[in-house]
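What follows is a single structure, and I will ask about it in a moment.
First chain written, first letter: the chains are A, B, C, D and E, and each begins at residue 1.
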Amino acid sequence: MTPETEIAAKAIEIQAGYLFLIPLLPLIGFFINAVFGARLQKRVGRWTVHTIALIPVFGSLAVAFFAIFQVVSHDENVVLVDRMWQWIGFQWGSHALNLPFTFAVDRLTAVMLFVVTFVGSLIHVFSTGYMQDEKPYWRFFAWMNLFMFAMLFLIMGDSFLMMFVGWEGVGLCSYLLISYYYDEVDKAAAGMKAFVVNRIGDFAFIAGMAILMWGLVGTWSDAGTYTFDGEMGPTLVFRDIGALMADPAFRAAFLAKTVFGVPIVTLSCILFFAGATGKSAQIPLYVWLPDAMAGPTPVSALIHAATMVTAGVYMVARLNFLFAFSPMAMTVVAFVGALTALFAATIGFFQTDIKKVLAYSTVSQLGYMFIGVGVGAFSAGIFHLMTHAFFKACLFLGSGSIIYAMHHRQEMKDMGGLRKVLPATFITFLASSIAIAGIPGTSGFFSKDEILWKSFDSGSILLPGWLIWGMGAVAALFTAFYMTRLVLQIFFGEPRADKHTLEHAREYKRMTIPLYILGFFALVGGFVGVPAVLGGDNRFEHFLEPVFAVGASHVAWISQATEHGHGLHSHAGEYVLMGFAVILGLTGIFAAWRIYRKYQSQEDEAKLYGARFHNVVYNKYFVDEAYWAGVIRPFLALTRAAARFDKLIIDGAVNFTAFATKIVSWINGGIDKVFVDGTVNMLADITILAGQRVRRMETGRIQSYVTGIIMGVSGLVVIFYLLV
Amino acid sequence: MHVTLTHFVALASILFVLGLINLATRRNAIGVLLGVELILNASNVNLVAFSRYGIGGMEGHAFAVMVIALAAAETVVALAIVLAIFHHYRTVDVDRVSKMKL
Amino acid sequence: MVDHVLTWMTFSPLIGAAIIVFLPGRFKESFKYIAVATAAVPLLLAVQVFLNFDTHLVPDIAALKSAAPSLDPRAYGLQFVDHIVWIKAFNIEYFVGIDGVSVPMVLLTALVSFIAVLASFLVKKPVEPLHNSQAGIKVKERGYYALILLLETGMMGVFVALDFFLFYVFWELMLLPMYFLIGIWGGPRKEYAAIKFFLYTLAGSLLMLLAIVYMYIYGTAGHGEFLLADGTTADHTFNMMYFAYNTNFEWVSFITGKMLWVLFFIGFAIKIPMFPFHTWLPDAHVEAPTAVSVILAGVLLKMGTYGILRINYPIFPSETLWAAGAMAAFGTINIVYGAFCAMAQKDFKSLVAYSSISHMGFVLLGMSSFTQEGMNGAVLQMFNHGTITSMMFLLVGVIYDRAHHRDLEGFGGLAKVMPIYTGFVGLAFLAALGLPGLSGFISEALVFLGAFQTHRVATIISMSGVILAAGYVLWMIHRVFLGPLKKEEYAQFADLNWREWATLVPLAIIVIVLGFYPMPVLNLMSASLGALKDLVLAAAM
Amino acid sequence: MMDALTLKDALFWAFAFLTVGFGLMVTFHRSLVHAALGLMGTLLSVACIYGLLDADFVAVTQIIVYVGGVLILFLFGVFLTRRIDDIEVSNLSVNWMVAVPAGLVLLAVILYAVISSPLPMAPVDATGPTVEGIGNEFLSRYLLPFEVLSVILLAVLVGALMMARRELKPEERD
Amino acid sequence: MLGNGASLAYVIPEGILGVTVALVMALGSFKPTRTRGVLAAAGIAGMAAALAATAAGVSWPDGTVLAFHGNIVSDGMVAVFRLVFLLTGLLTIVFAYGSDEVDTRDFGDMTAMIAASVMGMCFMAAAADLLMMYLAMEFVGILSYVLAGLKREDQRSSEAALKYVIFGAASSGVALFGMSLLYGIAGDTSLAAVRAVLVGHGFEPLGLMALVMILAGLGYKMAAVPFHMWCPDVYQGAPTPITAFFSVAPKAAGFALTLRLMDLLLGGIDGDAGASLGHGLAVLIGLVSMATMTVGNLSALKQTSVKRLLAYSSIAHAGYLLMGVATIPAIMGPSPDYTGFRAVFFYLVIYLFMNLGAFLVVTRVVTRLGSDDVSAFRSLGRRSPLAAVVMAIFLFSLVGLPPTAGFAGKFYLFYAILSQGSAFFYILALVGVANSFISLFYYARIVRVMFLDKSPDTRPVPVGALAAVVLVILAIPTILFGIWFGPLVDLAGWVFI
């Protein structure tokens, strides 16, 4: 089931020796702040710390923009390549592994670069305000810079292994930043949870990598022995794999290969996606993300909304040339995405911590992105990634602004009526909210709509497109609902904060400027991808087309081959769906407005929706508890059992052997006692019983020795008779 | 029944075993030494008998004489030791001569 | 340029040890300086070896197999060879040389030994009287430094020896100093730990001795006669190279071969230490002084896997293939089981010890794969584990010197008190859990990638080690460094002193640099490992 | 074949029974003095057996050295140690319960070996007095053993003297 | 076969010893209390002279010479064993000189008796005739009884002597009975005649039994199970220098005689009768060897007296050595291979150095601290570093760890028995290895006590200058032969060329 045509996806390589600067600059910033930051902060002042942090970030922003322009300025598909050095490699005979330390920027990366450097810089700026009262200021900026480095590494790395460096690096920074307030045990634990859950995904990622690496260039027999198909050594470089997959002959052969009885492409893609569920907080590994809100709010904005968590989406899109060929994997991606979108949205209903609401919203929106890439609408997924980065970063920063003003209180019950106190925050927050709710014209509208439509229209997955679409649409309704609730609870109604707080609440320029910029983009950012149906030319999709050529063309081919479609290919159908979605969004907003015009406390909500239902949803369906009871506790018990096993059984066996040797030695050392004296003593005891003279038997008696001689000689003679 | 070499050897064997049993059972150190003499005599009977039967050389006799001489020497030394023991332990009961061994 | 560089590297510590032993007591203060100066000699020579090592030299196996034994070391892929007859009566030779398998180990030994000597320095630090962090070796310095140098000779010897007898002598030579170093300068249960270490290793090595003697007796030259270094011929040989390439193995039935393989393997497996022979390791580590732990984990464990690569692989290729599955299985057990046990440890050091067990499992898994990736990964892991685990033990020592206990539950919040220390801990332990960008990742990834080709299920199971490692490392960091301080007095802990800096920084640099640029080490070994792999795989045909 | 029982045979049986009988006395008699006397009987009977075997010199040596020297020495020893310490020490140790069966097993083994191995049935012709033969052996073939023996005797003399040279310090007489 | 006169050239070292004995006795009879140094000097000089003569090749024929009408053999083996005996005797006198366990009044007699007993041992190694064998064994035995009881004021010394004499008399009686039977079978006392019977029609059960009985007598000399029981008591009770002597010299002599016996009976023998006997003997000795080392090692584990511990250790070493003796099948047939026998000698030489060294340390500790209990060795590493360090060397050598000589010895032994190439010998080797392993437990215990345990008494324990020198002299070969044992292999090559 594959088109037999060669897909012209070859990009023109342009050497760009400056690319390394993009990740390197933040790394330098990190290094300086990590090593000297504490002293600088103490001796010179905080400004040195954030200056050191901001300069590299803006520097890499500038370099990134230069690179982006270089990519954009070419009409043909180009890829900027900066080959630094041989990273891992060896050559033995015909077998060579060659993993260069190379950064590459193609059109997809360019988009990501833009998002990461642009949003990242803004958040850095915001942080200088938000974090100004923190004591270990330097540490925050050091980690932030390190994060920028890792994230840029992730998107620019041109091979699986390079990507994995960034992949784990951002995980580490996430851990470090979540645990920023490490003296609070809960917050430290949240970081640990994030890292470990991410590692579960990484486990799958590595496994997928191993399967793919060998699956590409050789075949396993049923018995498990492996033979190379040709002279080609294994590779993990994206562009090489993409080029291979573009070759129909190769592709046909590859798709037929199985491992463990499963097609290699399916197994590896599912494993990669499992890795993505960890990083991008999808079911079942989403649990860490809400806890990750323990970190400072700018961190939530940068890492847990705009950049890191989208890495999974980026990876799936990057691997479109593999995923597209596995309908099964695509189905899994789309379905898990849809499920997550829906599921997380419902949890968002009753959360009272504003960051928690945003966290679940993020999980839900990430689900959208996966729907997009899952149904083969790779560019739609990426488009949503970008718009989401704007509005969710804005929302988080906005919430940061609120929290800062509220003296680090995050509960809605302490807020209300803040629109007057924090006008700039209110405006940007509102703009982002309508964007996420999908009000037409905002960026969220365009991207979400595109995903929904593409999913409805999808023929490349094993599930009916309308199912995915339906789930997504309901999730959109929910999103509109809880976002409206959030805005109303925070900004409207009577202020519930104490007087002192309200009086001191203020907005700093370094915090509001990023908010305005992001809010602006949240509103208008979508216009780069206005779909044709609305009269646009969807420049965004066309820009990314060459990157997704292999995957997208195959998806299209499948849809065609299966003659799939609901007759809605027309613009009319698209209009209908679009209108339906808009109506759903407005319904959500309206419903929320009806309920939350007036402040509803948690108790009120419980009454309103039914206590039991509210309780279950508020407690996130008790998933954390279930994980604790069903996975973590048994696991810890298992580790303790292993340690005890080690001590008692393994070590015990050895000690027992030693003990037994000692016992034997006692028996043996007293050999005359047992064999000679022993008999004698026994007989003596008998004699004693028989009433004969009582006498103490002593050891070391020479007679036993002579008896030994007698027995020894007769014994040896008999043995010798037998031997000769 | 004709007396053959076998009889002499058998006699010697009985003496030999008696001597060994003596060594293994006597508690008196001097008594033990008596057993040694039995053993040596057993060997001498053998030597002399073999010399007489079938072989005829004088080696056996010479050997026996040597053994007798050595036996005497050994006895002297052994008795000296027994006396030394007696000085220490006021007994020649070899059962009681046992300070060592743990 | 120094001639006979390997010989110098091996025996210069011995000379230092002799000087220390025979110096009068009034030079007591200078023992440690002599020791560190002596340990620096192999380190400097290691640089020479590193720079002059010909990375492309490999044996031409096909040619060797059909040729008479020769005295040309380069034909066997050996460099820096010293080769003279030692005990003519048994054709025992003093034959040292290195190829790509041993050169990383030689470098590692020189480095770790130097750092261990440095880490033993007694440093007085003017801090609060309560926590007078007077760390290092303060009693019986003469014996300590002499033994640690003697130990270096033994270790270095094992990695350069190419004659079975010489190998065995060095192998056992390192036992005694280790026994004393643990037994005299160790912790409360030092005697138990020392004798346990001793007995385990001896049990293995005695079996190995039988195998060696057996091979000496029954190994016959395939083509022509064995040549001794002095040009005379011999019927029997201890020369490992001859055994690998020139010996006629018709005398070995497959059963005998397997038996010999197992005899060697058990000897080495105890050293690795492979489950279920591993229980000496936690005890030995927990009781050993810091510097000795560093050597123990940093170098000694590698002898096991090195021995397998040096002896089992080339000499018994078909048996090695026969046992590959078992090796992979044991490697997997080591990885998972070690990590499980590490997770449950309450003692900081035994956590690190169990993590070593887990990490040595990667080596076993990688080398049983017979892929270029897996074997390179395995040897690189040997090197990386050597540096990483040395760091980890040094770091445990740092906290032990201050708190005088290692109970993981007894700390908490140290990150605030000792930020630099925390940074180093983070670096070392994250490297241990295979964080990309640090050296441990490269080797682990290579092992996984390489081993998957051959042992798919085992590798997938081993990959769970990635999760488990994160579990125990992060939990440790959580308990020790994060959260509130458990005890008030810990707030007075001083951060790293100069000695601790001096020992940690070089290792940290290596860990980071090799994470981004492992080629210098990979280049050293990849050709030799390729040849070795071919040699083994050729036996399958 | 009773008629075949020659005088020599008869004498052998007589002396054999005497030898064994005295031997049993040596081994099993409760009294040490009786045991010593039993040894004398054994030695004399054995001397007679030597006589039966035409070993005149050995027989004479036996009587002179053993009966005349060694035995007297023993008796001295017995009386010397008994007079001072009156504890009954000549008892057999209970060890005989093991030693006697063991000894019987050994005897069985030896007798099995003796009986199952063919030995010459007839004596060679008597060669007359053996003194000269033995003397020749000592001076030629066994010269070295003879000399060594003399060294042994000398050393034994010294050793015995040394053992006897005894001055115990009072505190060591416990 | 040489006559008596011509044979004298082959017993020159023995002659020197005889003169020494006489000289020492004469000197000792003057002023026994003041002449300790003189007597020691005389004894040492005599021994050294004999040693030098032997080393210079005196009475060391190139081939094999049957001297004194076939009573003794003179060959390289005798010569090299002479070196062992003489060296041991010489060192014993040195030990005894510094030890207060030997009373000055007895010193002369002791020196003379050691010299005489060394002479006896030389004859043991050379004996080629049943009578000579018996005589030499008794020679050594009787003197040993006296030497064991040398410390007359010590009860345990007398007790040792008594046990030694009773056990010795019993075993040598058994051996004598065996010899008398063998004489009956062969019709002559020379071993050549015995061999002729063996070649002719093999041994009937009587001959087999006789052989076992002789081996029992030798087993007692070697302290092989089940004839080992005297050994711990005697070693513990005898004065320590004498114990050192016992642990090496008579044992070596026993082995020499055993090897000689095996060679003269079976060396190069052809034919079924000899072959079956040889293989039977090999298994028998192999079994005895296994039992000996196992019993020795296991019993040593629980000892607290170091002397007694070393006694069991010496039993265990007899077991190792018997592994080499068990290689009898190799010496049979048209191309006899004496590797195993050479290994025995090789090991004995090494054993000499390491065991004497260990005993010398014990001697010093007993002299200084009055106890040979393990606890007396506590913190010896601090109290007497030299003694403790060399003791550790000796003990590790006894374990057989490289780079000490003990390893070379074990290596040679394992080499010899693995060369036999039959399953039984592989099992034997495995048992040997297992025993080496077990032995580490108790040797390491002493090491542990010396270096790891704390003693309440921390005063230094001076070893004395002479002892220190001798210790170093003993430690040097213990290390040297571990890393450079080529010359020793060459020397062992003299055992049955």
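Please note the rule applied: a residue touches a chain if its C-beta (ideal position, glycine included) is under 8 Å from a C-beta of that chain, and two chains touch if they have at least 3 such contacts.
If you're wondering where the values come from, they're calculated on a predicted model, not measured in any experiment.
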Intersection of contact partners for subunit A and subunit B: D, E
Neighbouring chains shared between subunit A and subunit C, ordered by label: E
Chains linked by the largest number of contacting C-beta pairs: B-D
Chain whose averaged C-alpha position falls nearest the assembly-wide average: C
Centre-to-centre distance between subunit E and subunit A (centres being mean Cα positions), rounded to whole Å: 75
Distance from subunit D to subunit B - Cα centre to Cα centre, in angstrom: 5
Averaged-CA centre spacing for the pair subunit D and subunit C, given as whole angstrom: 70
Intercentroid distance (Cα basis), subunit E paired with subunit C, Å: 42
Touching two or more other chains - residues of subunit E: 131, 135, 138, 142, 145-146, 149, 152, 155, 161-163, 166, 170, 174, 184, 205, 208-209, 233, 302-303, 441
Residue numbers of subunit B (touch at least two other chains): 5, 9, 16, 19-21, 23-27, 32-33, 35, 44, 49, 54-55, 59, 62, 66, 70, 73-74, 77, 80-82, 84, 87, 94-95, 97-98, 100-101
For subunit C, residues that touch 2 or more chains besides their own: 199
Touching pairs among all chains present in the structure: A-B, A-C, A-D, A-E, B-D, B-E, C-E, D-E
Of subunit E, residues touching subunit B in the complex: 130-131, 134-135, 138, 142, 145-146, 149, 152, 155-156, 158-163, 165-166, 169-170, 173-174, 176-177, 179-181, 183-184, 187-189, 232-233, 236-237, 302-305, 308
Residue numbers on subunit D that touch subunit B, as the complex places them: 1, 4-6, 8-9, 12-13, 16, 19-20, 23-24, 26-28, 32, 35-36, 39, 42-43, 46, 49-50, 53-55, 57-58, 61-62, 65-66, 69-70, 73-74, 76-78, 80-81, 84-85, 87, 89-93, 95-96, 98-100, 102-104, 106-107, 110-111, 114-115, 119-125, 127, 130, 133-134, 136-138, 141-142, 145-146, 149, 152-153, 156, 159-160, 163-164, 166, 168, 173
Complex interface listing, subunit D residues touching subunit E: 109-110, 112-114, 116-119, 140-145, 148-149, 151-152, 154-156, 158-163, 165-166, 168-169, 172, 174
Of subunit E, residues touching subunit D in the complex: 4, 7, 11, 18, 21, 25, 68-72, 105-106, 109, 112-113, 116-117, 119-120, 123, 129, 131-132, 135-136, 138-139, 142-143, 145-146, 149-150, 152-153, 155, 161, 184-185, 204-209
Residues of subunit A defined as touching subunit C within the complex: 34, 38, 85-93, 95, 97, 101, 161, 164-169, 172, 175, 179, 182-185, 188-189, 192, 195-196, 199-200, 202-203, 206-207, 209-211, 213-214, 218, 220, 224, 226, 234, 259-260, 636, 638-640, 642-644, 646, 650-651, 653-654, 658
